[in-house]
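Each of the next two complexes has chain A plus one more chain, namely chain B in the first and chain C in the second.
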Partner chain A sequence: MTTEFVFPKIHTFPPLYTEQPNSTILSNQLDSWCQIILQYCEFYKITSLNRNGTPKYSQIESLSIDSLPPIFENKSINRSTNDNFRNVIIHHLIYKLKKAQYIDPKKPELGIYVYWRSLVEWGQLLYDYVDSTGQLGTVLTLYELTKSDESGLPDSLKNLDEGLLIKIVKDYLIKQGKAQILMNEDNEIGGVKIV
Partner chain B sequence: MNYSWQQDRAAYSQLGRSISEKHTDQLSTQLSVFQSALINFASEHGNEIKSNLEFRNKFTHLCNSIGIDPLELLLYTGSKNSKIRLDNFYIALAVRIIEVCQQTRDLNGGLISIKELLSILKENDSLQINITSNEIEKSLSYLNTLGKGYEILNINDKKWLKFSSATGSGISNDQKRVYELCSFMGGFVTYKLLRDNFEWDKVRCKTVIDEMIMNGLVWVDTQGENGQYQYWEPSWISN
Partner chain C sequence: MGSYLNVWEPVLVNKSNRPVLADGEYNILIRDNMGLYQGKSKILGRQNGRIYLTNKRIIYFDNDTNANCMALPLSIVSNCEIIEGFFRSSPKLKIHIRSSNESNDLSKSNSETNGTFPSTNGIGSKVNIINWACKICSYNNQISSNFDFEENDVPKCVSCGIRPNKQYLMKLLEEATRKNSINDKDQTIPDNNGGDNNSPTIVDSTAMIIEDSSNHQLIERRDDQCPTCTFINHPSMKYCELCGTELKTSLPPSLQSKLSNNVSNVSIISKDTDITNNPLRLKIETSEEIYTNNKPYIKLSFRKGGYLEFNQKLIEILDELKWDSLKNKGVINQNSIKQQTPKLRKESLRGPGIHGLELQGEHQRKTNEIILSNTLDDLEQLMFKYQDVLKLSDSFVRFVRPQVNSSKYTVSTSVIPPLLIKKSSTLYLQELSRHISEYSINFELTKASSMITTEELFANYNRYLVSTQGFGTELIEPNDFNKSIELFEELNLPIKLKRYEASGLVVISQRSSTDSYQNFILKCINSFEYEFRYNKLKNIELGLGNDQILSNEYNFFKGLTISQLTDQLEWSYNVTVQEVETCVNNGSIVIDQSIAGTFYHINKFSSNYEDPIDETKLIEKIKQEILNEQNNITNTLKSQYDQENSGNLINVKPDYTFGIGRITQLVNQDTGGNGSELESFRNTPDPSLHSQYESLNDLQGLTFE
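The block that comes next holds the complex of A and B.
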């Protein structure tokens, strides 16, 4: 992975880093920020962010996640958002645009899942993969669903964060009646059956 | 047995694909033929369309059903002769300009540079009509009968279009001077710059700037050098 994400021009507009007092402008500004976050995460296949906006998990294994250009800071113009504004932006992303969710609503410090692809779309991808490989009704381990090289796992699903995978299954596929989760004797998730 | 069933299935789906591809091709050719016929029709029967209400309704309905904006037809038929534009052209263009102004108001507070306006018009136009800034001015003159809602301003030799914002307030001279200074300074002003250049006292700076923030004409930046607040004009983003 050699290419770097190209931020849109507004990322070098200094006032972008200050919460605007005019509410109409602010709502536009928050939309711009959320666009940047979603494009950035999609580019690097980042599915979760820490609370401070730094990347937490990416599907791209070779990516050194700590050396990516920061989202909320622009050194070339010497600007960065403060913690408070950062929280406002993330709040907008979660509650207004519904493009993110806390990993654990009881522990917001754990960070957020970012949905540049919605849970429904993820669920569909997963279902299509299992269906097209004739594995409907088979119990599959989390490893088989995210890491396996043998069964033609598509790139879009490769290395998917297991936490997110479970969320996709629980919040979408199970509700659709399309999946079951099987626990092992240690009360951990032993496998997933998609039907 | 099983094998041949699979072969059949593959052959059928292949056939199905090629049939539906053919259909799509044919349909899109038909549609584009129809579109150009419609354009010709509109330019030939322009007067009839204009004068006959029932005919016009039917025509508009037809346009809508195949996804053509009648306004675009008007623009196109009015610009067929590139030297002499017809009234139709200017009127349709004026409507387009108003649309762009409405769409961008929340971002720019009601002041848009002609350069930006032209590039947005170009983006939205599927028939690729060349529009110049003179033509924009001319079509705005058609709107004068509706009151002075749209006005061309000259700021540092650049043309801007000012349109009344929802609050109805116009652009004051002071606000205009703030924009002038912004364009000298590469996009922003500070209280100090306003004081040094115009000898405004603090109260005047604050009154003018606060109102401009309220109207969305400038954005605030609290992280300027030496802790000075900077006030930026938003068209910087698209320039």
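The block that comes next holds the complex of A and C.
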């Protein structure tokens, strides 16, 4: 991945990094922030972030996560948000826009999933893939669904975070009655059957 | 009976609802709740107003509509009397107006006081003004016919200051007196004809004389001939069309007054259209003006009392005016001798018995009396000294005043007439309020965006009073100040109080602008941002984008701090803080807090924010400007070069090219061909150098063998 994400113009607007006192402006400002985060994550195919805003997992294997430009900091104008404001932004992203979720609600320090593509869309993608390859009703391992090179896995699903994959299956497909999860003997998820 | 509505003059009104006074005019008294009557009938639309009594006019200032203000010059007032109130009718002051003939005469006499000496010596001897032309500068000077050559020096020419020949003047005087005696006989006739009601009833003796003398001079000449240049004017002209000399109509005064009466009679019929008779288009209750005794007068109705003092003051002024006019004529204090106070002689009082004691007691009382009266005299003297000192201190004001402010105030002193009203007056606060408003509009609130806190205004206003009126002025008390600024709203003045709830700050600002402070802030920030981006793009265009310092400087727009805004908008710091806070609260500007400080920006978060600056257009503009600039530089350099070299014989050739030119020159020099080099000079088109070629041309024909 050679091209770098181009931040929107507002990213160089100094007041963006200060929590605004006016509530209307603040909500506009938070919207702007969330917009930036979503665009950023989509660009780098980042599915989860740490709590401090650094990327946690990206679908793109070649990407070195640590060398990505930080979201909450702009070195050119010498501004960065403080931790408190970051929490506010993430909170807004999760509860107002519902474009993110804690990986584990009991342990928020683990980070968040960022839904630049919603769970429904993910589920649809997965279902379409299984459907189009005629594997409905067969048990597939998680590996097959994410890392397999042979089965013609579409780019969008390739190298998907396993945790996220399980979440998609559990929170969407199972509720729709389209999937089942099979546990192995170690009480781990052994495979997924999509019908 | 003519219309006398034309006695009213229009009045200039300033923004703070006070009349604009003329030079040397000052307010003496102000009364509110007044109504005006013309004769017996009310003047419509002039029934609720303030009356300003100044030393020159009676100004009616309408409380409802400023356009209804008008004034009556005191010069045409003859006297006044009081009509007491009766049941529901309020007390009135009847002010008699000189009929038009009289007032004309008076003004004429005032203007010609120069050489007139009214007949104080004897009733029979008449005095005329005679013109004499200066032989040096041909200026028309005036001299009175009873000029005494033995007592006085020959007068100088007013224009050039050179004394004329004495004989010349005497001859002129003789001629004039001769003419006088001839005309004296004719004079009586038109006067008698002048008849019953039209001839002026109370006329100054001076005025009569001048009119008489005018008639004498004219009977000699043709009726309509100018006495100075002999041009024959139209009979109705008042001044000669060629030289501007005043013409004396030959018509007898009775006929003249009839003529003018006719004119005014006509005008009553077509009242609306006649401008001269009723310039202010006044309308009165009744269809025609009715006067008792057929004498014109107006009445001031005092709805809220206070007429006694007004009457007194008015009489004082009228007396003063009359006294002044007498003084101007120079009849006061002629041949007066200062009375010597008789010296008190000391009596020795010593007698026997009760009688002696009584005498002693009486003597004691007398000395006491003298001492007391002396002390009172001394006190009075002290007061006079005090006034002198005040005058002196006034003369030092310009030194005392700080240098920086001097320019600010010197212009001003004439602009705002000082407030002359007693503190005890009920109108004091209102007038003070108007005055403060006037001051603040002229000096403090000069910009639409400017505002000032009450504390500052209070201090500045008092300072202004001291600097313009000297140390004798009474300063305004905080109490009065506070009360009067509360009246801005009530008096409908162009300035307004504004309170900030959070800090309790009270500011005064122009009424028109009070709602748009936010706009001023926004505009200010926007203009800064525009400038910033303009400079940034310009630097990039100029290829300075890689410059370390510049790129640091123009990296991003840093926003404005409170102090920058304060500077730009000329508000006080407190005010700016308040205003910015309101802006932040209503969401029009946003904050950027960093280690460097707090900066303010335009709100760009909202989804409907559109960048007001079109960068592509801006770049176009900058490119054009850079081009122009560079053109300018080239041009100036070129013209500079031309200028420098035009004086230099060696470098005359502006399009001189090194290289080939140099070679040919060298070749020519080798062959001694000076002529061909000059030939090439001749081809240069610059005309400014032409003269030099000319001088070289002499050599052109030379050939060198």
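By definition in this document, the second predicted complex is superposed on the first by the 195 of 195 C-alpha atoms of A that agree within 3 Å, B and C clash if a C-alpha of one lies under 4 Å from a C-alpha of the other, contacts with A are read in each partner's own complex, and residues count from 1 in each chain.
We adopt the following convention: contacts are C-beta pairs under 8 Å (C-beta built on N, C-alpha and C of every residue); 3 or more make two chains touch, one makes a residue touch a chain.
Just so it is clear, the model here is predicted, and its values are computed rather than measured.
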Clash or fit, chain B versus chain C on superposed chain A: clash
Let me test your reading of the model: by the given contact rule, A:I10 touches which partner, first (chain B), second (chain C), both or neither? both
Which of the two partners, first being chain B and second being chain C, lies in contact with A:Y115: first, second, both, or neither? neither
So, does A:Y57 touch the first partner chain B, the second partner chain C, both, or neither? neither
Thinking of the overlay built on chain A, is A:P21 touched by chain B (first), by chain C (second), by both, or by neither? both
Is A:Y129 contacted by the first partner chain B, the second partner chain C, both or neither? neither
Answer with first, second, both or neither: which of chain B and chain C does A:S76 touch in the superposed model? second
In the combined picture, which part of chain C sits where chain B already is, 25-33, 187-195, 457-465 or 565-573? 565-573
Could you pull out which residues of chain A sit against chain B in one structure and against chain C in the other? 10, 13-18, 20-22, 24-25, 28-29, 78-79
Touching chain C in the complex, chain A uses residues 10, 12-18, 20-22, 24-25, 28-29, 31-32, 76-79
Taking the touch rule as given, give the residues of chain B at its contact with chain A in the complex, in rising order. 106-107, 188, 213-216, 219-224, 230, 232, 236-238
Chain B partner contacts - residues on chain A that touch it in the complex: 9-10, 13-18, 20-22, 24-25, 27-29, 78-80
Taking the complex as given, what residues does chain C use to touch chain A? 555-559, 584-587, 590-594, 599, 601, 603-607
